[in-house]
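Lettered A, B, C, D, E and F in written order, each chain numbered from 1.
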Amino acid sequence: MAFDPVPLFFVLGFLARLARSDLKIPGQLYEALSIYLLLAIGLKGGVELAKEPFFEVAPKAGVTILLGVLIPLVAFPILTRLGRLPRPDAASIAGHYGSVSAVTFAVALDFLRAKNVPFEAYAPLFLVLLEIPGIIVGILLARMGNLQTVRWGPLAHEVLLGKSIVLLAGGLVVGWLAGPEKIAPLEPFYFVGFKGALSLFLLEMGLVAAGQIDALKRAGVFLTVFGVVMPLISATLGFIAAAIAGLSAGGAMLLATLAASASYIAAPAAMRIAVPEANPALSIGASLVVTFPFNILVGIPLYYFVSQQIIG
Amino acid sequence: MAFDPVPLFFVLGFLARLARSDLKIPGQLYEALSIYLLLAIGLKGGVELAKEPFFEVAPKAGVTILLGVLIPLVAFPILTRLGRLPRPDAASIAGHYGSVSAVTFAVALDFLRAKNVPFEAYAPLFLVLLEIPGIIVGILLARMGNLQTVRWGPLAHEVLLGKSIVLLAGGLVVGWLAGPEKIAPLEPFYFVGFKGALSLFLLEMGLVAAGQIDALKRAGVFLTVFGVVMPLISATLGFIAAAIAGLSAGGAMLLATLAASASYIAAPAAMRIAVPEANPALSIGASLVVTFPFNILVGIPLYYFVSQQIIG
Amino acid sequence: MAFDPVPLFFVLGFLARLARSDLKIPGQLYEALSIYLLLAIGLKGGVELAKEPFFEVAPKAGVTILLGVLIPLVAFPILTRLGRLPRPDAASIAGHYGSVSAVTFAVALDFLRAKNVPFEAYAPLFLVLLEIPGIIVGILLARMGNLQTVRWGPLAHEVLLGKSIVLLAGGLVVGWLAGPEKIAPLEPFYFVGFKGALSLFLLEMGLVAAGQIDALKRAGVFLTVFGVVMPLISATLGFIAAAIAGLSAGGAMLLATLAASASYIAAPAAMRIAVPEANPALSIGASLVVTFPFNILVGIPLYYFVSQQIIG
Amino acid sequence: MKTRATRQLVVIIAEEAIEGLLTTDVMRLGAHGYSVCEVRGQGSRGSRSGEWEAAKTVRIEVLCSPEVADAILDHVLTHYFRHYAVVAYTFEVGVLRPEKF
Amino acid sequence: MKTRATRQLVVIIAEEAIEGLLTTDVMRLGAHGYSVCEVRGQGSRGSRSGEWEAAKTVRIEVLCSPEVADAILDHVLTHYFRHYAVVAYTFEVGVLRPEKF
Amino acid sequence: MKTRATRQLVVIIAEEAIEGLLTTDVMRLGAHGYSVCEVRGQGSRGSRSGEWEAAKTVRIEVLCSPEVADAILDHVLTHYFRHYAVVAYTFEVGVLRPEKF
C-alpha cells in the first residue's frame, strides 16, 4: 500500500522529537514557510474569486461566519460542564476550536487536488472568514459580565491585523486584482512548489507538536478525549452548514475540515492578551498535540469519505 | 483591469506595516532572497555575456560608468543649492542616487519579460558597473579638501567587496564560465522561480519601506519632492546614455531604470563608514521610502512607455 | 571550455571569504538548505529502494558497513606513525574520514545525472550506512583501554539521532512507504530544484571552508597532505568494495566518493562529546578545508574517470 | 579604573506574546530606549524552545535611572507576574553619557 | 531606589556542541531555569562565526542563589574549562520574586 | 559565596554597520575576546527593527581588565558617540580563570 507522503512528514518530525533527536527547526524557516503557504492559499483563492459573481458567494460567506460563531458556543458548555474547567480556560479553548488551522486546510486542499476532486475554488475565503469570529466569541465568553477589563485596543490589533489574516486576505486581494493571466507566471513558485513546501512545514509541525507533549500531560485525559471528539462534532456542524450553503462534495469536505480544525497561531496570541489567566498549556495541548495530528492523519480522509457518501 | 501582481506585493507589505500589523520579516529570509535574486540576475547576465564579442560590449560599459559618475554630480548642487543641505548630507544622498537598486532592476527585467520586449541580455553587467562609481563620487564630494580623513582601507573593502557586488559579479563570472548549456539544469531554480521570489521580496520591501516612514518625516518636504524628481532627471540622463551607446528600446528602458533607481543597501553601508556625520535618515527616507516605490509603481511603466516612443 | 557551475559556486564562496568580503551566510539558510538536501537525497533513495528485492540489497549494505569500519583503521596508524599525532587527535581524525559528507555525495549524484550515467538508484542507502560506523570506530580507537570514561548516553543520542541520520533515514522511509506515484507531486520541489539548492549550499560551503583556513594553519603540512592522500586511499578501498559488491560503474563511483569524503557535521559533534581532548581545529582543517574542496574539484571527476576505465 | 556616573540596567525575560505591551509600558514609564534579543530557555513553566510563535521568549534590557527602574519593576510585578512567564532583575552599571538615560 | 532581595546571575559562553550537557548540569546543580541566546565572537581559539554547526556559540544565563552559582562555576571549571571554548562570570543582581530562584 | 577575582564587563550596543570597526578596535585596545549578539530596539534615533541591512543593531560584550575597559569606553566616547547610534556601559563581575582576560 502506498501512503500519502505529506502526513508521513508530520509523523517523521513527531517521532524524531519524541526520540529527542537534535533535529531542530530553524525558526525563520518555519516563519518563511508559513508566510509562503498563507500567501499561496490566498492568491489561489483570490484568482478564483475574481471569476465568481458576488451574489453567488455572499450567502455562503454568511453561513460560514455563523459556523464560526456556533462552534465555540457548542464547545464551551462541554468544557465547563463535562470538563469542569474554569470559565477562562473553557472560553479560551472554545475560541481555539472556533477558529481554524490554515495548515490543516492546506493538507485538505492538497488531498482533494491529488484525488482530482472538484471544489469551490474560492474556498480560501472560508478560511479567512473563519479565523476571527471564533476568537471573538471565545473572548466574550471569558469576559461575560466584565467586558471593560479587556484591553480592546491591542487586542483588536492582534486579531484583525495578525500575520495570518493579513497574508491570507492580502493574497486574496492581490489574486483578485491581478486575475488568472497575470498570476500565471507566479505559478511555478506558489503552486507547483506548494506540496513540497507543505511537506517541509509538516515535518516542522511534527517537531513542534511533539515538543508540546508536556502541555498535553498538563491538559489531562478529558482534554485529550475532547481533542478527538470536538473535531467530529464541528465537522458535523460543518457538513450541515455546507448543505445549507449548497456546496459541492469537495467544498463540503473543506468546510468540515475547517470547522474541525483548531487554531494554534492566531488564537493563542489573542488569548494571551485578552484572557491571560487562561493556561495556554491546556489549549495548545488539545489543539496542537491532539486535534492537529488527528485531523491530518484520520480526520481528512474521514471527512472526505463522508462527503462522498452524503453529497458526491 | 488586471494589475501586475509584483508591485501589488509591495503595496500589501507597505499597507500592512502602516496599519501596524504584526506581520514581520524573518531577517534571514530577507537575506536569503536577496542572495538568490542577486545571483540569479548575475548568472543570467553572465550566460548572455558569453555570447557577445568584447568590442561590442566595452563601449557600452564605458558609457554606463560615465553615467554613474555624472548623476551624483548633477544631484549634489540640487541638494546643496535648492535643498540647502549641509555638504555631508548632500554628498551622501548624491552617492545614493548615483548608485543603483538591484531590486528595482529586477522588477524592470520582469516587466520586460512579461511583455516579451527584447533587450540586451547582458544588461546585468550595467547593474554591476553602476553600483560603485556613484558611491565613490559621493564620498569624494563629501571629503573634498580633506581626503586624508577617510578610513580608505575598510571603505574600499566595504565598497568593492560588498555583498551585492560579490554576488552579482560572481554570478556573472560563473554564468560566463559555465555557458548556457551547463547553466540549463539550474534554470528551474534560478529563473522559473525568479518572479515568485521577487514577489516575496517586494512584500518584505513594502514592510521595510513603511517601517522607515519616520525617516521620511525627518527628511522633510524638499527630500520627498527630490525623491520623485531626481529619478526623472536621472532617467533622462539614462536615456541619453542609452542613445549614445546605441541600445535597443528594452535596453534603454533598463538603463533609464538603473539611473533612476537609488541604492539602499551598498550606499548606506559605505556612507556610514566614509561620511558618518551624514544623517542616514535623510538618504534612506528619500531613496527607500520615496524613490523605490515611485520607480516600482510609476517609474518603470513610464520609462517603458518613453522607451517605446523614442526608440521602439 | 564550459565549466560545471556547481563547483564554481564553491570557488566563488571560497574566494569571497578569502578576500574578506562581507558576504555572510544567514545561518538559518544554511540549516534550511541542509535539511532540504538531506531529505531530497533520502526520499529519492527510498522511492528506488521500494523497487529492489531485499536479498539484492542486503549483501551490498554489508560490504558498505565493512568499508566504514575499515577506513578509520587504515587512517589511524598513518596519523599516529607518520603524523606522530597524539592518540585522541589521530582517532578523532580517523573517525571523520571513516564517516561521510552528504554534500560531497550530492555533488557526485548531480555529476552522474548530468552525464546520464546509470547507477544503483538506492545509493543514498550507502550514505546512511556509512555515516555512523566510522565515528564509532574512531571513538573506540581514542578510548581503547578506558571505555568507561565515555558518556555513552548523550553520545549514542548524538550519533544515532543526529540531524543528518534522521533526515536521510527518515526520507528513505517516507520515500519507501509512499512509492514513486505518491512522491511524483513532490518532484518539482525536491528534485527539479535540487541542483539549484545544491549550488547555493556550495556557495555557503565555500564561505565556511575559507573561514576555517586558520584551522588548516594549525593543522599543518602533514594534515594538509593527508587531506589529499587519504581520500585517494579511501576511494581505492571504495572501488574494491564496489567490485566485491558487484556495483555498476556509476554505483562504484558513488561508493568511492563516499569513502573518499570526510564528515564535517556528524563527526565533529560526536567527537566534541566523546573525545573532548582532541583538537577540533585539526580534524576540521583537514576534512573541511582540504578534503572537501579536493573531492568537489578534483576527486569526483577523477573517481568518475577511474570507474569508467575499470568497470564502465 | 575611572569613576563613572551610574544607572540601573533592568532585564526582563518574558514570552514574546507580550513584548509589544511590555516595551510600550517601559517607554511610558520613563525609559528612553531598550534593546531586545530572542532567547530560548527553561523555567517553572517548562521548556520554551522558540521554534514557533507561542514558544518564543525575549530578553529586554533597559538602561535607565533608579527611579524608572523601580517603576518598571513594580509595574511588571503588578501587571504581568501573575499570568505570564516573566523573569526580571536589575543591577547598577557605569555609563557614558549619563544624561541620555 | 528600593532595596531588593539579591541573587547571582551566572553567565556561561560556550560552544554550542555542549549546550545540552551544560544546561542539564545547570538544572541538576539546583538552578530553576536558564535562558540561552546565540552569539558569535572571538577568543583565544580564534573567531567563531556561528555560520555552521561547529562554529556556533551560545550564551547561557542563570539566575540563582549564591550557593548554586558556586556549584555551577566550580562544575564548569572542573569539567569543561580544559577542553572546551568556555567563558564564565557571575555578578549580583536585585530580583523580584526571590523565592523563584 | 566564594570570593573570586574580578574583571569588568563592557557592553556596547551599536548599529551593525560599525561592528567590524568596533571589534577591531576592541581587540587592538587589549581585549582578548568578545561576544556579539543581534538585538532590535529603540532609542533617541527611533526604532531599529533589525529587518534589513541598515536597521540592524548588535550588542557586543567584552570581559576585560579595568584598564582595558577604560580604554575601550574612552575610545567609544571619542570616536563613535557623536555620529553613531551607540550605547555603552560597564560593571564588575567575578570570573573564573582571571588570567584569560
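Criterion: a contact is a pair of C-beta atoms (placed from the backbone, for glycine too) under 8 Å apart; a residue touches a chain by one contact, two chains touch by 3 or more.
Listed by chain with UniProt protein names: D, E, F = Nitrogen regulatory protein P-II family.
Please read all numbers here as calculations on a predicted model, not as lab measurements.
Find the chain most remote from chain C, comparing centres computed as mean CA coordinates.
Farthest chain from chain C, going by C-alpha centroids: D.
Compute the centre of every chain as the mean of its C-alpha atoms, then state which one is farthest from the centre of chain A.
Most distant chain from chain A: F.
A-D or A-B: which has the larger count of contacting C-beta pairs?
Counting C-beta pairs in contact for A-D and A-B gives the edge to A-B.
Answer with same or different: of all residue numbers used at the interface between chain D and chain E, are over half used by both copies?
Counting which numbers both chains contribute, under half are shared, so the two copies meet through different residues.
Rounded to the nearest whole Å, what is the centre-to-centre distance of chain C and chain F, using the mean of the C-alpha atoms as each centre?
Centres of chain C and chain F (C-alpha means) sit 40 Å apart.
For chain E and chain F, let me know how many angstrom lie between their CA-based centres, rounded off.
Distance between chain centres: 19 Å.
Using the average of all C-alpha atoms in each chain as its centre, how far is it in Å between chain B and chain E?
The computed centroid separation for chain B versus chain E comes out at 45 Å.
Enumerate the residues of chain F that touch no fewer than two other chains.
In chain F, 20, 37, 91 touch at least two other chains.
Would you pick out the residues of chain C that each touch at least 2 other chains?
22, 24, 26-28, 32, 188, 193 - these are the residues of chain C that touch more than one other chain.
Check the chains against each other and report every pair that touches.
Touch list across chains, by label: A-B, A-C, A-D, B-C, B-F, C-E, D-E, D-F, E-F.
Which residues of chain E touch chain D in the complex?
1-2, 4, 7, 9, 23, 27, 32-37, 63, 91-97, 100
Note which residues of chain B are touching chain A in the complex, please.
2-5, 8-9, 12, 16, 19-24, 26-29, 32, 114, 188, 192-193, 195-197, 199-200, 203
Given the complex with chain E, which residues does chain C contribute to the contact?
24-25, 27, 30, 151, 154, 204, 207-208, 211, 214-215, 264-265, 268-269, 272-273, 276-277, 280-281, 284
Considering only the defined contacts, which chain B positions touch chain C in the complex?
That would be residues 26-28, 31-32, 35-36, 39, 43, 157-158, 161-163, 166-167, 170, 173-175, 177-179, 181-183, 185-186, 188-190, 193 of chain B.
Could you pull out which chain E residues touch chain C in their complex?
15, 17-18, 20-21, 45-47, 49-56, 82-84
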